[in-house]
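Look for subunit A in each of the two complexes below; its partner is subunit B in the first and subunit C in the second.
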Partner chain A sequence: MGFGAVGKGVAEAILLKNDFIKENYGFELNIVAVADSSGSAISKEGLDLKSLLEIKSKTGKVSNYPVYGTDIKDMDVLDNVEYDCLVEATPTNIETGEPAKSLTIKAFNDKKNVVTSNKGHLALFFKELMDESQKNNVQFKFEASVGGAMPIINFAEETLSSTDIESIIGILNGTTNYILSRMTSEGSSYENTLEESQQLGIAETDPTQDVEGIDAACKTVILANIILGIPCTYKDVYVEGISKITSESIELALKEGYLIKLIAEVSKNALEVSPRLVKKNSPYAVDGTLNMATLKTDLADEVTVIGKGAGSLETASAMLTDIINIYK
Partner chain B sequence: MKMNLVLELQDIPGQLVSVLSPISSLGTNLVTVIHKREDKNERGLIPVQITLEGEQNNLNAVISKLNEMQITILEVDGVILREKLTTILIGHVIDTNVKDTMDKINGLTGVSIVDFEVKLAGELESSAKLVVESDFGMKKKVLNKIQEIALEKNFLVVSEV
Partner chain C sequence: MGFGAVGKGVAEAILLKNDFIKENYGFELNIVAVADSSGSAISKEGLDLKSLLEIKSKTGKVSNYPVYGTDIKDMDVLDNVEYDCLVEATPTNIETGEPAKSLTIKAFNDKKNVVTSNKGHLALFFKELMDESQKNNVQFKFEASVGGAMPIINFAEETLSSTDIESIIGILNGTTNYILSRMTSEGSSYENTLEESQQLGIAETDPTQDVEGIDAACKTVILANIILGIPCTYKDVYVEGISKITSESIELALKEGYLIKLIAEVSKNALEVSPRLVKKNSPYAVDGTLNMATLKTDLADEVTVIGKGAGSLETASAMLTDIINIYK
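Right, the complex of A and B next:
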């Protein structure tokens, strides 16, 4: 569900990796339905991903797919096809969590696994979604929802399984990191830099979710729940964005050897997204659209991960990893 | 016996020598010197770690001498003595009585503002850099105080991670 940047990325990733998956994990992926906001393409024999991508890019609608294109939408798509796993990449909605929430719960009730890149429904209804997935004995994976391709959830759960993770402090939004990095290197104002990022397609036309810290706050909620076991929702996070940051403040920070970054802090003492000072030579000093996170553990001390927080194929890579982890 | 000190010194030639000569005259030997240039700030200050060897009395005399010379001792044998806190304030810093802001912070015991710089942005808004030195353990208190002032005067506080 959802055939935008991420959905198309998943299709491309499967085209690139299906043989590899078969060879290494012994199963093949067959896409039996794809939906966007206008309709869907459904075929139990499987859709040809190449032509699907072509049709979407030419006409903007997957419903134009020959023979199997239909105007079946939303929840109805799930009732019109036999499938094992819902790959959900519809837009993040921080008001209601829809359509992701209803689609996901329906899939759970139909005993299907779900892999998502969405964070709205997780930030609002984490516990409810987890309870539903457990009740139905299905798997629910969302590595891509935090930090795109940067490994963090699977990394904490599997690679750091011997340690107790006490806190996570990181940069969880690439757009704001790009804006702050450019303001630092160019000495430019917030307004001009935002405009530049919009022209480059790094910031969206409505940049609110990124610049006001909403996107990072959603990710804070997800990490708090899944890694630190802190039951919380979006409203529990203190959020301050970057729109008040001036080039003068960045200049003053630089004089003391600091950079200003939009930092998410996830711990028992603080659930917070705010502009903070980080040392120039520290692990927090990553530039551009990169994301990073430092996990403070009891046994391994601090461990830092860095990676691409967004991008079509990059985000799809995390979703494909989730799918492989379910079926290998 | 040995003693490790972390001092805060100007990163200019001669500065270290002027600190070290009184030390050697106090009957202690210098074992190592490490300049932490990567932590240099705009005021040209860097942490310098020195290891000394000597009798306890002589080592104590070194500390007194350094205090007398008004050299900031950040650490003795891994124990932090003075903590530094840097924050950036964004808002109507000038219009809301700068002196009052500074007095409120300086009013805390064992706390002193070592640097304060304001830059104007546009008509009224300004950004200020505030560097505060405090006795060990006071950092949280200082930050709370700054946040209290910020709440009252509607500043955005950008604090260290």
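Right, the complex of A and C next:
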């Protein structure tokens, strides 16, 4: 469900990696339906992803897929196809969590697993969604919703399995990290740097979700619930964006050996997204669109992951990992 | 086997985490034998780790453990106890790989799993050891041998399961990173900084294995074999240490925005440990005793992990994770 940058990335990733998956894990992925806002393409024998990507790129509509293109939309698609796992990649909606929420709950009730890159429904209804998946005894995975290609949920669960994680502090939004990095390296103003970032396609035309910290706050909620077991929703996070950061304040910080970053903190003491000073040459000092997160543990002290927070194939790789883990 | 810093760390970690493991994974760890160079303590009911740690700390010998202290040594210990998993933490020997190699192969032949923090036998006899473990259908895990508490093997296998890993480039030795970081921040000479590091206990009295890149080269071999599937041993790695780095060269690099780090490269093109220039504010620019590794993947682009490369409890946490994974 959803065939924008992430959905197309999943199709491309499957084309690239189906042989690898078969060789390493002993199963193949067969995409039996793809839906966008135009309608859907449904084939129980499996869609030809290469043709589908071409048709989407040429006409903008998956419903133009020959023979199997249909005008069946949204929720109805799920009733017209047999499947094992819903890959949910509709746009994030932080007001209602829709259509992700309804699609996901319907899939759970139909006893299907769900993998998502969406943040809205998780930030608003985390507990409800987890309860539904458990009630129906199905898997619900959302690695891509937090760090894109920066693995953090599976990292905490699989790789740090012997430790208690006490806090997570990190840079969870690539756009704001890019803006702050350029303001730092060029001494430019917030307004000019934002405009440049928009021209480069790094910031969106309406940059509110990124620059006001909303995107990072959604991710904070997801990490708090899934890794630290803190029940919370979006409204529990204190959020402050970067739009008031001046080049002067960045310069002042630099002189003392610090950088200004938009930092998310997930701990029992704080659920917070705000600009903070971080030391140069520390794990927090990563530049550009990179995301990072430092997990404070009881046994292993601090462990950090850094990776690309966005990107079509990059985000898709996290969803493929989730699918492989469900299969395993 | 082995009750130095790492072995004691494992005992401490089990004391701290046995309840956590029981709660989360449904099993308990029972240590039925511990050996150091003095002899061993063996009890099929399980040793009291708190007492054992006290006795080791007071007398230096586990064989002084009341009632169950014995003069059974080395290989013979394995014949005098029933167990499921050997935790091998004897000192690294890069000439012969002993006693780790013989202990490990004996355990395999007795159909026991092995977890190790040792590098020597892996750097010299990787293929032989893997073949033996597979032939006997037992598990062999060595997360702690590479990054200490910086997870990298489990990270690559579990968290990046959908991607091909093309190369690993990183800082795999904490002592040299500490020396280079201090030379950079203080403008001091290699000789003075090494001496200071020795006084602080960060560098050893004979610092050769660290400063000449031998330790990092062993880790390079392990990563090449286990993650990239490149069959190799220690002699295949080009190694250059840090003892010829001058404060002048560090200062020159700094002026151009670079730092000098001892970098290990693991790729089809190169197995190499050598000083290299890295960009400031990049994931490679971590200071102090930290280790880091950037994994270049096909789908997720570059993903980096950073963590403590050494430390008793930290290294033990990696061994506990291995034990949990074997159990799972």
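Quick notes on this one:
The rule we apply is simple: the second predicted complex is superposed on the first by the 328 of 328 C-alpha atoms of A that agree within 3 Å, B and C clash if a C-alpha of one lies under 4 Å from a C-alpha of the other, contacts with A are read in each partner's own complex, and residues count from 1 in each chain.
Operating definition for what follows: a residue touches a chain if its C-beta (ideal position, glycine included) is under 8 Å from a C-beta of that chain, and two chains touch if they have at least 3 such contacts.
Since we're looking at a predicted model, the values are computed, not measured.
After overlaying the two complexes on the shared chain, residue contacts for A:Leu313 are found with subunit C alone; subunit B is out of touch. Contacts of A:Asn281 after superposition: both subunit B and subunit C are touched. Once the two complexes are laid over each other on the shared chain, residue contacts for A:Met75 go to neither subunit B nor subunit C. Of the two partner chains, neither subunit B nor subunit C is touched by A:Ile326. Of the two partner chains placed around the shared chain by superposition, subunit B is the only one that A:Glu240 touches, whereas subunit C remains out of contact.
Of the two partner chains placed around the shared chain by superposition, subunit C is the only one that A:Glu302 touches, whereas subunit B remains out of contact. When the shared chain is aligned, subunit B comes close enough to touch A:Ile260, but subunit C does not. When the two complexes are overlaid on their common chain A, residue A:Ser162 makes contact with subunit C while staying clear of subunit B. Comparing subunit B with subunit C, the partner in contact with more residues of subunit A is C. By the touch criterion defined above, A:Glu251 lies against subunit B but remains apart from subunit C after alignment on the C-alpha atoms of chain A. 281-282 are the residues of subunit A that lie in the contact sets of both subunit B and subunit C, per the superposition on chain A. Within the complex formed with subunit A, the residues of subunit B that make contact are 38-43, 86-88, 90, 115, 117, 119-121, 125-129, 131, 156, 158-161.
For subunit C in complex with subunit A, the residues that touch the partner chain are 13, 16-17, 20-21, 24-25, 149-151, 154-155, 158-164, 181, 259, 280-283, 285-287, 290, 297-308, 311, 313-314, 316-318, 320-321, 323-325. On the side of subunit A, the complex with subunit B involves touching residues 169, 240, 244-249, 251-258, 260-261, 263, 265, 274-279, 281-282, 284.
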